[in-house]
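The structure appears below as structure tokens.
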Amino acid sequence: MMGHYRVTGLREACGVFGVFAPGRDVARLTFFGLYALQHRGQESAGIATCDGHTAYLHKGMGLVAQVFNEENLRPLRGHMAIGHNRYSTTGASHIRNAQPYLIETLHGPLGVAHNGNLTNALHLRRLVLERGVGLSSTSDSEVITQMLAAPPEAWLNGHAPPVNGDGVDDEWVARIRAFMRLAKGAYSLVILTRRGLYAVRDPLGLRPLCLGTLDEGVVVASESCALLTVGATYLREVTPGEIVRVDDRGITSFAGLHSPTRALCIFEYVYFARPDSLFEGQVIHEVRQRMGRRLAHEAPADADIVVGVPDSATPHAIGYSLESGIPFTEGLTKNRYIGRTFIQPDDKLRQEGVRLKYNPLPANLEGRRVVLVDDSIVRGNTAGPLVQLLRDGGAREVHVRVASPPVCHPCFMGVDMATYRELVAARMDVEAIRRHIGADSLAYLSLPGLVAVVEEALEKPTGHCTACFSGEYPIEIPEWLFAENREKLAFEGIWGS
Amino acid sequence: MMGHYRVTGLREACGVFGVFAPGRDVARLTFFGLYALQHRGQESAGIATCDGHTAYLHKGMGLVAQVFNEENLRPLRGHMAIGHNRYSTTGASHIRNAQPYLIETLHGPLGVAHNGNLTNALHLRRLVLERGVGLSSTSDSEVITQMLAAPPEAWLNGHAPPVNGDGVDDEWVARIRAFMRLAKGAYSLVILTRRGLYAVRDPLGLRPLCLGTLDEGVVVASESCALLTVGATYLREVTPGEIVRVDDRGITSFAGLHSPTRALCIFEYVYFARPDSLFEGQVIHEVRQRMGRRLAHEAPADADIVVGVPDSATPHAIGYSLESGIPFTEGLTKNRYIGRTFIQPDDKLRQEGVRLKYNPLPANLEGRRVVLVDDSIVRGNTAGPLVQLLRDGGAREVHVRVASPPVCHPCFMGVDMATYRELVAARMDVEAIRRHIGADSLAYLSLPGLVAVVEEALEKPTGHCTACFSGEYPIEIPEWLFAENREKLAFEGIWGS
Amino acid sequence: MMGHYRVTGLREACGVFGVFAPGRDVARLTFFGLYALQHRGQESAGIATCDGHTAYLHKGMGLVAQVFNEENLRPLRGHMAIGHNRYSTTGASHIRNAQPYLIETLHGPLGVAHNGNLTNALHLRRLVLERGVGLSSTSDSEVITQMLAAPPEAWLNGHAPPVNGDGVDDEWVARIRAFMRLAKGAYSLVILTRRGLYAVRDPLGLRPLCLGTLDEGVVVASESCALLTVGATYLREVTPGEIVRVDDRGITSFAGLHSPTRALCIFEYVYFARPDSLFEGQVIHEVRQRMGRRLAHEAPADADIVVGVPDSATPHAIGYSLESGIPFTEGLTKNRYIGRTFIQPDDKLRQEGVRLKYNPLPANLEGRRVVLVDDSIVRGNTAGPLVQLLRDGGAREVHVRVASPPVCHPCFMGVDMATYRELVAARMDVEAIRRHIGADSLAYLSLPGLVAVVEEALEKPTGHCTACFSGEYPIEIPEWLFAENREKLAFEGIWGS
Amino acid sequence: MMGHYRVTGLREACGVFGVFAPGRDVARLTFFGLYALQHRGQESAGIATCDGHTAYLHKGMGLVAQVFNEENLRPLRGHMAIGHNRYSTTGASHIRNAQPYLIETLHGPLGVAHNGNLTNALHLRRLVLERGVGLSSTSDSEVITQMLAAPPEAWLNGHAPPVNGDGVDDEWVARIRAFMRLAKGAYSLVILTRRGLYAVRDPLGLRPLCLGTLDEGVVVASESCALLTVGATYLREVTPGEIVRVDDRGITSFAGLHSPTRALCIFEYVYFARPDSLFEGQVIHEVRQRMGRRLAHEAPADADIVVGVPDSATPHAIGYSLESGIPFTEGLTKNRYIGRTFIQPDDKLRQEGVRLKYNPLPANLEGRRVVLVDDSIVRGNTAGPLVQLLRDGGAREVHVRVASPPVCHPCFMGVDMATYRELVAARMDVEAIRRHIGADSLAYLSLPGLVAVVEEALEKPTGHCTACFSGEYPIEIPEWLFAENREKLAFEGIWGS
């Protein structure tokens, strides 16, 4: 009986940041790091710091620039910090679930910032509750924090041989190893302790995590764009399965849990990461342009102009244009001040076609045959209206080209992708989708094509997670998670408000 | 090595409330119950409710009427609730420490509202941390909550024989008994679980707790005034050492931990409780009038009028007047709208004598010899200015009469009484205090007199805690707690902000 | 066509304060002055200051201690200030109507704080609108401010001969005189200009206003209690019809508008003013005791104890006790933390008798015949429940004695007294009221008795407004204001939200 | 002596919106209209509505989505509304200055939303003050509102012959004409009255204003993008000098004040307007592409790629690419979540080069000769760092091309352009600027080129304001406004806080 919790609570795509830098204003550094990672989560933000003895915490709902001001940043003293941006998923939006979690343990403060999703989160939660430890939220991260608060024996008793056989004399490493032994799924963690930080990445490397250096310190971040933002120099990625310790002894690497295969989420390349970030040695923007080039090769179109869905598909569209020779231009404008609003259009406004986000540019579209390049189609709600907008703007033909394969399978490793029922490509074939969105033609980049583009520049490709496209999950997914009606199977725990 | 925490964090005098009443709006009932108990704590307020499956929580800083509005009260659904008012002590004022605490356990929700102070709180805290459980605040109440979240064996292993030998088949009773076995000091608890409430009082009965009935339910409160406020009928006190369970099986009493002696705080009679509350079968107001009468008998004065320090000493002053035959009147007015303000007088205002709280009434004072009755003198800061105000108003003589003995010893059982250094009667004898406050004469009620007054109407007096007057503590107090400089001895834990 | 506005908007009973004191923190002084005047208005508070060139303003909804903090007080620079507490009337509660009003004029800043009510407010409003000046609120005070912004000719043209014929060379005095010529009703004003303050009182002196001195400045306040609070020395009242200027030339008195009669509101003596304030040379508390004495004389009772309705009727009850020889005691306790709450009892709570404000003290009541003294009965809603509470507490008989005559007529001069329909004494005779409230006997102080008590110590009694008791209004009241349904007659102006 | 006010207070570039639509939720429509116009002002937002009798207002600081929620939008009832976004200028940022202004007049509610800047604002302000009308803010718009509140004679007496000689029987038209007769400078107004709206544009048409239709109503907006957003159909521009009335009689046009020349701000074309808006029948995006094409023609470059400064210069860059044949690509990424933050980088962060807004894309830049196209250079602070970023990203050469002429003259007609001292092109020649920004070459579009591009598609070009480029102001600018030190010359009025 595992299904105690709403599955919506499981999916979290977030940004994490950490810094160890004696002499620096680490809370401020973390603020700017989170600012650069804002695209990874807009629901809540938080920073925890430590001066080696006392720890400080502030978190709140909203964008990092809304949560923090000089007044609440100033008390966050110390020489190390961790920070977190949480993704806005529907429901379960409560300050109680905001990160980082910070608790007092026998060994001093312990803070955790977590990006990813544990596929056996309910099992771990049950282990904690069965041990007689109460939990004050529905967050996986609180579970992780309480697991790390107890010695390894508390969890591994009978489950596995001792993990600290290599003589490493670091209690936190031992505890993190015990956690890694039990945890399944995706996790990139930044952990704050009295003496230093730990950066941890799951053995498959499902979610990104990288290291950088300052003159006087070390920075950890979900994406390299945050390193550049705070003036740090990119050092390397945290290796899948690795535990990196950062403290006054410098950067130390420990073996965490080994896996023969790797599986960095390929969707980070397609859409999620910021275009100026670096994964596996390659700049995202460049990889996206290559996707567009490959798409032009695989799915040419007889057209006059190439238009990208702003802003995320602009690199793919430029690639398509460069390869096809069809000129790139803008066909749609986007309201740059679109922010979260709680005001909903009424029926009449909806009916008359309120256009909050995009408008067509007739001068570029009038009488033209248009290739509309998008990075991906997930639910299929936006492509149809965009095709219509282009036609309203005078486009003669609209050929939709998608720079990734059809998304047919849900993600359980930290990207908010819905159930089968919500994924348009799980319900329809390409021709049906074409009709659904009203395009003159529709084509997707092939999965081999996508993988080739991502891996072509890598010296030793080690594999990527393509589960949302291929259905081949790099880890075992419990049957009940797939259930169309899993929300009904699951309970919400005790938490009402 | 016990002194890990700031002692200021130890002292808590609060109000607790609980209700089990299917069919009633229990959050609203709890709101009005806390409203009636507001005098017991003004720093923060909170309510947790449960519908038998899901639990709901809202808490915030400030008065109960500031914390709650219709919008945040409405979601607090269910048929049982607990609530808490927290006392405003200097420092450590943080929403993190607001009560009730609510956690998820293997057996569903667990909420705790606590009035009192554990003298071995640091020991219990250490037990919890040593077990590998992290804590998210400095509050004793979180420690209690986590202790109750684990089975009795978790804490009693090796310390004591099993406590559930009487065959009681209630897991929560077993856990509460384990807690009572380990805890020392003052605690009146209201505990929320999936099936019902538990009301628990320490074996000495240091802090009050009573029961009342509604047509369709049961109410628990620190003081009976809260029962009357919500239309409940007073039933009885929770017996010291008793565990009372309230659920769909009705009210059930369990033996918790027995003590041969009792020690209800006598200072509740003197000052802390609301005058219309009932302790041990007697209305506080009446007992206070008796204190005044006894004081008039023990320490008569040759004077024209009796004036009480408004509003707390009015009953004592009326008693003095009735016994002495000297007419009672008002000699000081009090600003009825005095509330917490963050604006401080500047030096010039202080120097010119800003009078925010009291003003004299010359018409009643002019040329008169005045008996000024106060309920108690703790720090000795207010009596001097009041004597001066009376003289400014024309009083010819001012004879101060205090309706309780000199406060010479700090309290470690839940009333915010300071260190020896701060207690004026621990530093000066009566004559020195008289000179210090500028009175023509000064006399206190004797301790035997106070005890006699409190116990005269009781059928079977079972003892009261008079430690603040006598230095005879009903429980062992660790040496370090007495240390004048214990704040320096103690650490603040990890919590900076 | 006069009835454009809701009558609720007309009734305002407020507190005003002003200070001119180079070298002092005048905003802070004003804060504490308003703090002392909080009983005169709890809806909003505001302070305007001026440094002789620039003016500063902050106002907000709520108690003065809620509106102001160090952060918003600090920018209020200068050497003179005015402040205002606004009364909480139902409806029309909007920051737009908060005072002081501050505008820029040709002659620099102009700020107005107003206590009172103009009976021809709609006429003046119309004058302003007809002159082509727009208004941004429904407040009389904005009307006054705009009237003072224009030269006298703007308003008096054709209405009256020039008023500045005495050669006074002060433009503001001329403008204030023009306003006084046109205004009818009650007004105590404190006016802020570039060079200094003006304190103005209507010719009848309907609302109080007094002056005090600091070492380095002058203070103006609705009541003397505010002078004492800020360390000022009481100087004198502003004479009815007088204009007092306070600036670097000192205190200068100008004739404003003379009236042969005076009419200070007698209800200020009965209830409204703070007991430690001084009107016409006598302390309010003393006058109230005299009311109680006279009441004992006029309406004796055969009883065992005298109880006052806390806290307002305590002085009257003490007087009754002193005169009658029946001992005074407390029979009711009042929740000291009663504050504004937005949570309403539900039906069940109402039915079971929620007791938020008062509780009986059985020990003092049991078997006794009680005289319950109240200061006044206006709507008659509270007396009945109080009588019942006393009986619940064991009182054998309850004799209600009211220290003022029956309130039979509405007030249009600044005290929030309702329509005829709402005044219980306008609908019932004394015997009917007695039955309505369930008392064993009921008696009021006579009007001649009240007037005699108020005037007995005055050297030269000049008359008081007793309209609410006698129906004899000191000024002409427009017929429509009396209309039972005047709220329907009246429009709300343009202001919806 | 005109210079009483800070010049910073004079410059306002804002967005206005109005709707008359019985049966529709006009406040909601206005919300979405303001949402679409957010780029024109981010400091404050407000909406006023009217139901023909009562008027409603809500305004606040921040973005429109921050200011409004369902709770404060709902009470804004009626069938007509006006709205305003205010631009964020340094200083003078106070809710007092937020628009719309709403007052009560003799003829009912009067609301004004204003985009533009009056060059004789101080003169008009003085007229109002001299008439004895007080002002509660420093805003020009309050001055306009009070001018419209009075009949024409109030202002024109002696200045000019009556303006309503054409027999138009509309009092508001007469008042608007009187205002137009006196006002100098830029103003696009939307005015709310009891019966309907008025849309007014200054005779030169300096700021845009257009009309659209709904099934059941009429919409007015600064830019056509707001019409499309709310589902309206574009009708036409408000003609310079025209007064358009919208009420239950439909759309009626009145002659306001004629000017032989027109002078729509050409900088709206270059930068300020949203690319999908329509001015003078042409879509802004298309005109910007033409600017880029012309720039390529006038100032070719020997380069490998064309990069635009995102996002504003993308259309210009695409045009440059299309004309020159040099491929367009992205060379810089922009943080899409950049929002207003109050946290400032510390010195160390600044020194290490915090990169909050842009990052380079090395893959596109490495070894390339880059044309960096920007829309304009005003202060010259951003171009230098961008050139450096491109070089950091590997660019071999950087050729900066600016799609408008050097900005050499301040604007006094509603765009926030600084003093001569702050304009880099007023201090340096092109070669000096090139060195200053570190570019390999630098060229601007010529003024004749810009004008030709803007006017080439117009049937009958009527002139544009090019003052910021040419120094030829379409209206007389008072000498003191040019003064380098005008901020010191000017007073701040009375308003301190």
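Chains here go by letter, A, B, C and D, matching the order in which they are written, and residues are numbered from 1 within each.
Assume a contact is a pair of C-beta atoms (placed from the backbone, for glycine too) under 8 Å apart; a residue touches a chain by one contact, two chains touch by 3 or more.
It should be emphasised that the depicted structure is a prediction, and the values quoted were computed from it without experimental measurement.
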item: Both-way neighbours, i.e. chains that touch chain B and touch chain A; value: none
item: Between chain C and chain D, centroid-to-centroid distance (C-alpha), Å; value: 49
item: Approximate Å spacing (C-alpha centroids) for the pair chain B, chain D; value: 62
item: Centre-of-Cα separation between chain C and chain B, whole angstrom; value: 38
item: Set of chain D residues in contact with two or more other chains; value: none
item: Interchain pairs in contact, sorted by label; value: A-B, A-D, B-C, C-D
item: Residue numbers on chain C that touch chain B, as the complex places them; value: 24-25, 28-29, 31-32, 35-36, 38-39, 42, 63-66, 68-70, 73, 214-215, 225, 228-232, 274-276, 282-283, 285-286, 289, 311, 314-315, 318, 322, 327-330, 333, 335-337, 339-346, 348-349, 351-356, 359-364
item: Complex contact set, residues of chain A against chain B; value: 50-51, 53-58, 75-77, 101-106, 108-110, 129-136, 145-146, 149-151, 154, 492-497
